[in-house]
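The structure follows.
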């Protein structure tokens, strides 16, 4: 498997106009520079149409934002894990709050990602779903309370108990799973708080994507580690 | 709008292992060469993760295999028409047999594609659905009986009535819509039959993607025009 | 087919707490009484779990709120047209704004409903979707602009052009289709306006379901005819 | 909560023609008689449209085959847990192999079912999904390998390890969850084997629904306990 060194900052660029095409590439370049300058791992999740393009143009690890459980073959317009791999992905988000998946499909996608050497990051919404996710053995779980996503109010401050509660239950069930947190993260201070709660990093989006100077925000974020 | 000159051969590479990543690029290069050599328009529909990569590397028009009706913004892992455009797409399939869409969403996606200058190709499965599609005013309708897809038995021979019936009903309702046909097309003779039935071209996949020599198949296909 | 006499008032009770179980039965009884007293056809669309129960207890025609395109057999928890028929339904809504369906599935469900003798009422959201729907040959089309649903602002006043535009395009494509309108209807005056625009009746929900005296509202509604 | 006494035989009548409307009621009556004669708990899961009708006509506990995660209100054609309760349901299947649900929705539906006093039976497909399910705290988990459903080859013989493995992992994570098994069950011997593996009963469908004499099959099934 592509081993992703932790702590890690995972930047999900979502489907913002500020992250489409060449703008997505510029964000990836910013991640690349910040990793070179800081030594801290950053990962970018490009828009689906941009994954291969960005993976060919940068050295920053690219994760798919989403993969679909379809068989290789006649599956027009679906995003297969094998295709993500062939396009240059090193991993994938699974079950993001904006793209929820069926329980049985999550299980199958985690297994299939592992067979392909793709790092799997399962997104969860509360403590018991994090616990359930741990039983499915993803590489990482990112706990993100949906109500805080995009708010700028960091989960590490607004709801630290959901982070520590998830960490505890996840580790009880499967100690190998790396735990991240997300939702509302936008500063180095937020990252610092997340790390202090015991996580191995953060997953974030708008705080960087919609910033006037994304690289400056990324530099601030890694300073929290 | 990106005007696509007809007659046209549209190659949907689906999610085959033979069309992922660099193999998808090779198929696009073959299309490009065949168009240069023959003067006949070819279009490629790359795998979702490869669209931007292939659009940057070739001059063949790229159509998305599928687009999703989500708002620009927080829409992780969805394939937006705006993102297809930014990645270099000239058009898009809508409602392929392997990725059916809701009626109201098809209507909205056709409208949104037109506003972006993306050529829309609505896929349909029978005469009355083709007629319904015509009322939604896509640029093109590709009639493809699902039971013939991937069989190698061409719709133009197996079920010519569905092609002529669709053509008649579509033109009655909306004379501006260009009609293609698909399913089972793999030879120049199949293309010739499709043109003789009155269509402006074909949509095909496995006949080229899984061929030992895709370029030779493409050359045979354009010879039918 | 169960012929539904027009003009007609179709009451969709949705999933309100005021229409569950015995409360749904009371609404059906109110429809029954109003039809007896006024001679105007009313139809009720019970909650899915209540359809058989209410169909057995009243003489008012019951329409399913929704049916699913699954084969008879191993289809746990899906609502089949054949099951609606066996439970006593006389018809069904298809593609309600709160339960949109795929284009190809709508086509297949209309055909299957007709074969079973179920009256099909296709819900649409704008003029071109109404036109597309006409090509699919349902028994009735109910045009309901989603933005007016539940507002109490009647479509017949807020957007009469969408009603007359739909009527015109539907009749051009398929003169056999009966056209209704819905969204925001709550008084006899609204019904009168809908009839004057050329429709054969209305589809409504909250105006009756959430009323203190549903029968009184129903009596007012039929007075508009 | 409606306490369901174990061991239990849960009959899911699916969407077979043999279980629609009055035929579904006859199956419920057979369950009722068998429980009266044997003292063993049986439960029936009627077709969605029949739930209220059958719950009013029999004393056998009725479980919904499926519930949807929609808010009470404007949710046309969806099957709400509150509506199941109002129609007379004592419980519900969740995530049947033929109606899979999203992970986050399963979590929310289990919580909502408990608040309503509905017994929740979460269906799972393998050991790790059973383990994940246990973390979500349903009342019961029914492990059913999809490849055996409807085959007549009982899971208790074809794949006993999936049953014992699920039991072990479920109990490690949440000892309060009752474990059932299903798929291919059709005789008292199959039930006996399931009980001997440590389960508290079975979930089955076609073995009874499609039998010439459903009551005789039910009597045979309870004889295995």
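Quick notes on this structure:
Lettered A, B, C and D in written order, each chain numbered from 1.
FYI, contacts are C-beta pairs under 8 Å (C-beta built on N, C-alpha and C of every residue); 3 or more make two chains touch, one makes a residue touch a chain.
Only a predicted model underlies this, so the values are computations on that prediction, with no experimental measurement involved.
When you average the Cα atoms of each chain and compare centres, the chain farthest from subunit A turns out to be C. For the pair subunit A and subunit B, the distance between mean C-alpha positions equals 33 Å. Work out the mean CA point of subunit A and of subunit C, and you get 45 Å between them. The centroid of the Cα atoms in subunit B and the matching centroid in subunit C are 37 Å apart.
Counting partner chains per residue, subunit C shows two or more touched chains at no residue at all. Contact topology of the protein chains: cyclic, one closed ring where each chain has exactly two touching partners.
Those residues of subunit B lying in contact with subunit C across their complex are 95, 100-107, 124-126, 128-129, 131-137, 169, 173. Subunit A contributes residues 12, 14-17, 20-23, 45, 47-56, 64-66, 70, 72-80, 82-84, 86-89, 93, 96-99, 149-150, 205-206 to its touches with subunit B in the complex.
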